[in-house]
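Two complexes follow with chain A in common, the first pairing it with chain B and the second with chain C.
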Partner chain A sequence: MSQAIVRLLVSRLLQAGLVAWAVGTLTFLLTRALPGDMAYRIAAGRYGYENVDRDAAQAVASELNLDSHPLSAYAHWLGDLLQGKLGHSLVSGEPVWQELGHQLGHSLDLALTAVVLALLIGPPLGMLAGLRRGKALDKASLVAATGLRSLPPFVIGLLLIMLFSVTLGWLPAAGHGTAAHLWLPALSLALGLAAVSARVSRNAMARVASAPFYAFAMTKGLSPQRTFWRHGLRNVGVPVVAYLGVQLIYLIEGVVVVESLFAWPGIGHALVHALVARDVPMVQGTALAMGLLFVALNTLVDLACLAIDPRRRPA
Partner chain B sequence: MFHSRWLRQVTVMACLGLTAPALAHDDSLDIVAPWEINSPNPSRAGHVFLRMQVAETLTDTDRKGRLSPGLATDWQVSEDQLTWRFAIRQGVQFHDGTELTAALAADALQRAASRPGMLDQVPIAAIEGRGNDVVIVLDSPYALLPALLAHSSTQILAPASFGADGQALQVIGTGPYAVTSLQTPQRLAVTRFDAYWGEPAAIEHASYLAAPRGETRALMAQSGDADIVYTLDPASRLRLERTANVVLFAEPIPRTVAIKVNAAHPALAEREARQALSQAIDRRGIATGILRTPDAAANQLFPPALTAWHQPGLAEQRHDLEAARETLAALGWQRNAQGMLERDGQPFALTLTTFADRPELPIVATVLQDQWRQLGIDVSVNVGNASEIPAGHHDGSLDLGLMARNFGLVPDPLATLREDFGPQGGDWGAMNWSDPQLTELLETLSQTSLPPEQRQTHIAEAATLLSQAMPVIPVAWYVQTAAVTQQVEGFSIDPLERSYRLSDLRWSDT
Partner chain C sequence: MTSLHVDRLSVSANDQVLVAPFSFSLQAGQCLTLLGETGAGKSLLAQAIMGTLPAGLTAQGQITLDGEDLMALTLPRRRAIWGRRLILLPQEPWHALDPLMTAERQIQETYRHAAGHDTERAVRYARQDLVSLGLDTAGARLPGELSGGMAQRVAFAAARAAGGKMVIADEPTKGLDSARRDDVVAMLKQTLAEGGTLLTITHDVEVARQLGGRIMILRNGDCIEAGPADQVLQQPISEYGRRLVAAEPSRWAPRRQYSRPDAPPVIEATQLSKARGGRTLFSEISLSIAPGEIVGISGPSGCGKSTLGDLLLGLSRPDRGQVRRAPGVAARRFQKLYQDPPAAFAPHWTLDTLLKDLIRQHRLDATRIPPLMDRLGLANVLLDRYPSDVSGGELQRFALLRALLLDPVMLFADEPTSRLDPITQQETMALLIELARERECAVMLVSHDEALIRHSCDRCLSLGNAEPHRPVPSTASSLPA
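Moving on to the complex of A and B:
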């Protein structure tokens, strides 16, 4: 077992290095290729658009040495990255590491709460539907899952604010600072995730429940709950957890949109603002953090699959 | 059955979790606005700290927008108009307990002058503290100096606010509120400063949250999550009007939606062509349909809030497509087979550049595109970053730029006008257009303190010149909006957007 884990971790580590290089290079190329003058963009981000003029842009260009050759700027950046330096934000002047530290914490809070909520909502409903195929709950969950998954998180978020903040007045609409502020953004992400998990676990449950070994377990006299605990749960768990890995894309993409809607100070929100202000070190830093987060979460999913599914371990 | 029981338990737990942290009204006054707090540096986000009444400036403005004493109680200029003395208010404490002295104020101004900002245009020779006065020596006369010292970038912070490299690390001001926490770029919390030199504030705690999305802000007002929400999009305003417990406020501010015109563009060089573009704009339609404020239709560059510069007698700019067509025909523009205008084989084609920081600008841009197309002008709209307008100004690539220009950056619009309509034009003003007469008028007005009547004649001349030559085509005046909870009393909008006037507010008893 330990050998499988080591092999997994090594390959993921290599992957992380590759992701870091690719993300950094791509963001570097793309931000250079964007139309518009970088110095003016950065000046607008720093001083507010009202105060952007040629003087401000020239001050920015000379301070940041923006006129240097792109290749030398790239080599400089790559060298810094190898030493673990991400530089300073061009807009706020703070070290990128420091800014990422704050933002990553907020984003992780949001993403993990969303995953936990999704697991609490999706698989239980799905398994129940799988045990009662064709019944009302199964049909209703199909309709709900299709509806939720086809709505972008942005729309789900607005609907949740309308319901829970405006109509019911239970939860704050946006902002951050207290635990209550976490619920709506996390739920906006969780509902989309839960929709897919519910369908995956429904199908897995249906397959397991109709398998001969499940019928045999019942025949030998186990009660329905024992059969489920002993022979159902683990078998259903593998595809649900594995599929969660696939859904991470949805989660990371959703974080960007949802954070901006709820004024949540996370990494997605920072990425959008850094792009607008052409704050290249922040764009690279946030994209890098999101790429590595993706690799890390995938590794966790793989480890969880290894733990759940003995067939994946070498004999 | 077992499964459903287990499920029911999970569901109940999840629901309990959801209802537990329900909203409780706290004692903090929560303000939400679109503008982010980039940094503690006065030159970068000073406006937020000024508005939240954390920091103060040497000069201030009164209710009517006129210059009034701030941290300076009084100011005088020498006979030769070159030496200004600002008497510093005595007994003023910074939030860290340091006493405000003329030397500290002079240090803060020197810092402001060394960074990009309003002080750029002042010919400063020296700034120093002498006794109780801050003395500013100029190379040439500059009558607007006191007005410029009301700008947020010149706010006076305590020395402890700055690190060794001169960058601000925190904001220690002299205002009625002191910073308790600052989480850039979104949140600022303040608490009442009991040793404030003026009238103490009634409300003890307040917070500022930057929420750039208009929908989010409106929903926060609607749900009672925020006490005061600034800058509402027109669609949300309609909904908020029907919301109980929320009162809407609207105040005309000295900001004008206008089109910056490249006067060197072959199609735009003639004054008549610019006037034809102006005649083809249905201003009332834009003001009513998009801004939802019919009175916002602009017949001149200066809104009524700028009492000195606004010309009350001017007629409404009529929407007259026929007249516009005739004007263009007289300039030699002919309709081609597709109905579009051509002259010497060249089509009348323009790019209108604008930005989305102010949500109504892209919508107004597409309306203009449609209205000019009716004239036979092929307009493409480019919605980008605000900085594309000054960048296009300098590399000459801009044709037309739709912007919202603030003439109230400092209490006297003259400072902004000098930047916009100088001999070289201005990043946010004229492009490849200048008028020696206007330049001279603006110079005279800004350099010398004229007697009021003579000053008014000069101003009227300059304003008339601008509205005839149209280097910038006015479209609409801006109205600042706010949604305020009924639990707050004493609210008003500062037309100069210098202050949120927190210290005037109190919780209502009901």
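Moving on to the complex of A and C:
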């Protein structure tokens, strides 16, 4: 393993620690700042709204130490976090780790499928448009990309459901279990990602194709196809992959919304449910998992950048 | 055997003729140099012969390579000739190499994919090339890690690996200092010695002289004069040819001696050091410049010439050392003249607007403009034009006008004529020197052209070696020979 990779992994590891602390602290503060009586909400989550009364709320409050001083609660909570104790879900009673384990797997399935789909749709179209600047495909892809990127993922998701589930009846509208269930949520995320990737690829391709080295590769005797594979692809790949890192924010945001829309049992879906039920350990756990997922995906993007751009590797 | 015949070749865009019909013929082993000012359509000729004219431009006439009519070929058939029979050497080698591929592989791939050798041979030949170019250790480096000279050699090897004998070199020495220019000429001559045929396009009279062979002088797309190199360069017949040869800096009239030892310096620097990106650009430079004095700065590219200017003008701070400007002189009277005139003007405003903005900004007297324009040979009609619609020489004179309006006591001129053709360069330099003397404005002239510095400066400061620099006394005898 080269020095550059080690340095990258160490810095990302430190970052992961910082993210864990920052996300944890923020969720701690925000869950406390939420309106409504926390003990009532938790009790309702556990026993159902009809069965909640003052005593039940009181019992929950004393069980969870909800009345203690905020600072000591924070210190207590931080100590738990340092030991990796995320606690148990207040609703299901299962350990948070175990719940996260299931959900994270589903979310990763969704996120990675979305990224792969986006890379299969965006860059090829973008590069084609970049090689034929000003032609019909270039213009059409500009309109499509602008349109898709300006729609939030849930609108794209709804449109996809209307088209593929309601009208055509090809794919299930929600739920999970079979591979068919993955297509629509993954596509909802992928289209927005692909839109930006297509534009980045298009501009990168246009720049590379008009670069002197591209012309030189052909005048020294390489065919246009070979020039593209040997000198176009990698040079276009550098900004496209680097920009993917920026787009991860869109991906993580999208995961929350799209999972809720399609009832996909992942982290984002769990986060929304935990918030409604004031399931504080689950809120903290899911937020933490998403923060760390962001760091992990960023690390992958960085490794990919190192792999395709030799200039980043010190000799 | 290689032969190239070009018969009444012209290039036009929408019925507008850019290069007038033009003919020449070149037999195997011969060398022809097309000499002329920039923008005279020389590069279009090279592109027309290759078949790489940009969209919108068309070529008419006949181009025959080894008896085959190139104009009748389809684009894929023409591509099949590239590298294998017809070679175009790249202009700026750094840009001609893929930044993400190692030097060795860029040579290898020509052997493998253009010449069609198997991988094992391609690897061996590329190695041999590197060794014979003295680059055996540089094969694994990326272009960004090569020096300009190394990149040049790698690009030459990559271009020639497919075995073509007819070589076209389009401005192969653009922006190079004289040592690297001579390297390139040596490589071109090597091509000839190995049985190649050479068509060189250049604005540099010295390149034409060193290559020998035949010369054609072009102007505005027309051939003005043609003949053997010695004859054309020794005794040009045409008026333009004479001016072109005389415009070479080494032939400029000797400059008048100038010295004002008693005057207090306009700027003084002591023990300046500056590093960038962990690399020391220069250290312990001391200098002192008298009013009206012209000091040249020379050195290889990347040695910190422009950075020194930034320090002196107060645009950035030295790591160590001190810059002292003459007391009581406003900072704006230390001015800079840029290398690329179009880049130094806002493109979307007329020159008139730009000048008026300057007048307003510094509360200057607008009545000073007409006499200055007169003095700089700038016609009034130019004021209504945009910077892109006047010539490079005119625009550089506008830049000079803009600086002069601020009554500069020092002008840092960063390669002010390197983008201009030789005749315009000579005129611009003469004007700059004359005005500097007249107004007692000190000039620091950065150039990669040693002859130009020798003929226009009172003394020269050369950067780029490890020795600490001492100011040279301002006498003509101290100039480098």
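In this section, the second predicted complex is superposed on the first by the 314 of 315 C-alpha atoms of A that agree within 3 Å, B and C clash if a C-alpha of one lies under 4 Å from a C-alpha of the other, contacts with A are read in each partner's own complex, and residues count from 1 in each chain.
Here is the rule we go by: a residue touches a chain if its C-beta (ideal position, glycine included) is under 8 Å from a C-beta of that chain, and two chains touch if they have at least 3 such contacts.
Keep in mind that this is a model prediction, so the values were computed, not measured.
Engineer: In the superposed arrangement, does chain B or chain C reach more residues of chain A?
Structural biologist: Of the two chains, more chain A residues are contacted by B.
Engineer: First (chain B), second (chain C), both or neither: which does A:A180 touch?
Structural biologist: So A:A180 only meets chain B here.
Engineer: Looking at the overlay, does A:E50 come into contact with chain B only (first), chain C only (second), both, or neither?
Structural biologist: Touch partner of A:E50: chain B, not chain C.
Engineer: After the superposition on A, what does A:L125 contact: first (chain B), second (chain C), both or neither?
Structural biologist: A:L125 sits against chain B, while chain C stays out of touch.
Engineer: Under the contact definition given at the top, report the residues of chain A touching chain B in one complex and chain C in the other.
Structural biologist: In the superposed arrangement, which is not itself an observed complex, chain A uses residues 223-224 for both chain B and chain C.
Engineer: Can you name the residues of chain B that touch chain A in the complex?
Structural biologist: Those in contact with chain A are residues 1-4, 6-7, 10, 14, 18-19, 21-23, 30, 32, 35-36, 38-39, 41, 43-45, 47, 116-117, 120, 153, 167, 183-187, 209-213, 215-216, 219-220, 222-226, 355, 357, 384-388, 390-391, 394-395, 406, 409, 419, 426-428.
Engineer: Which bits of chain A are touching chain C when the two form their complex?
Structural biologist: Listed in rising order, the residues are 211-213, 215-224, 226, 230-231, 234-235, 238, 308-311, 315.
Engineer: Considering only the defined contacts, which chain A positions touch chain B in the complex?
Structural biologist: 35-37, 40-41, 43-57, 59, 91-94, 102, 117, 120-121, 124-125, 127-128, 131, 158, 161-162, 165-166, 169-180, 183, 223-225, 228, 260-263, 265, 273, 276, 278
Engineer: Give every residue of chain C touching chain A within the complex, in rising order.
Structural biologist: 50, 52, 79, 82-84, 87-88, 90-92, 95-102, 109-110, 113-115, 140-142, 144-145, 155, 158-159, 161-162
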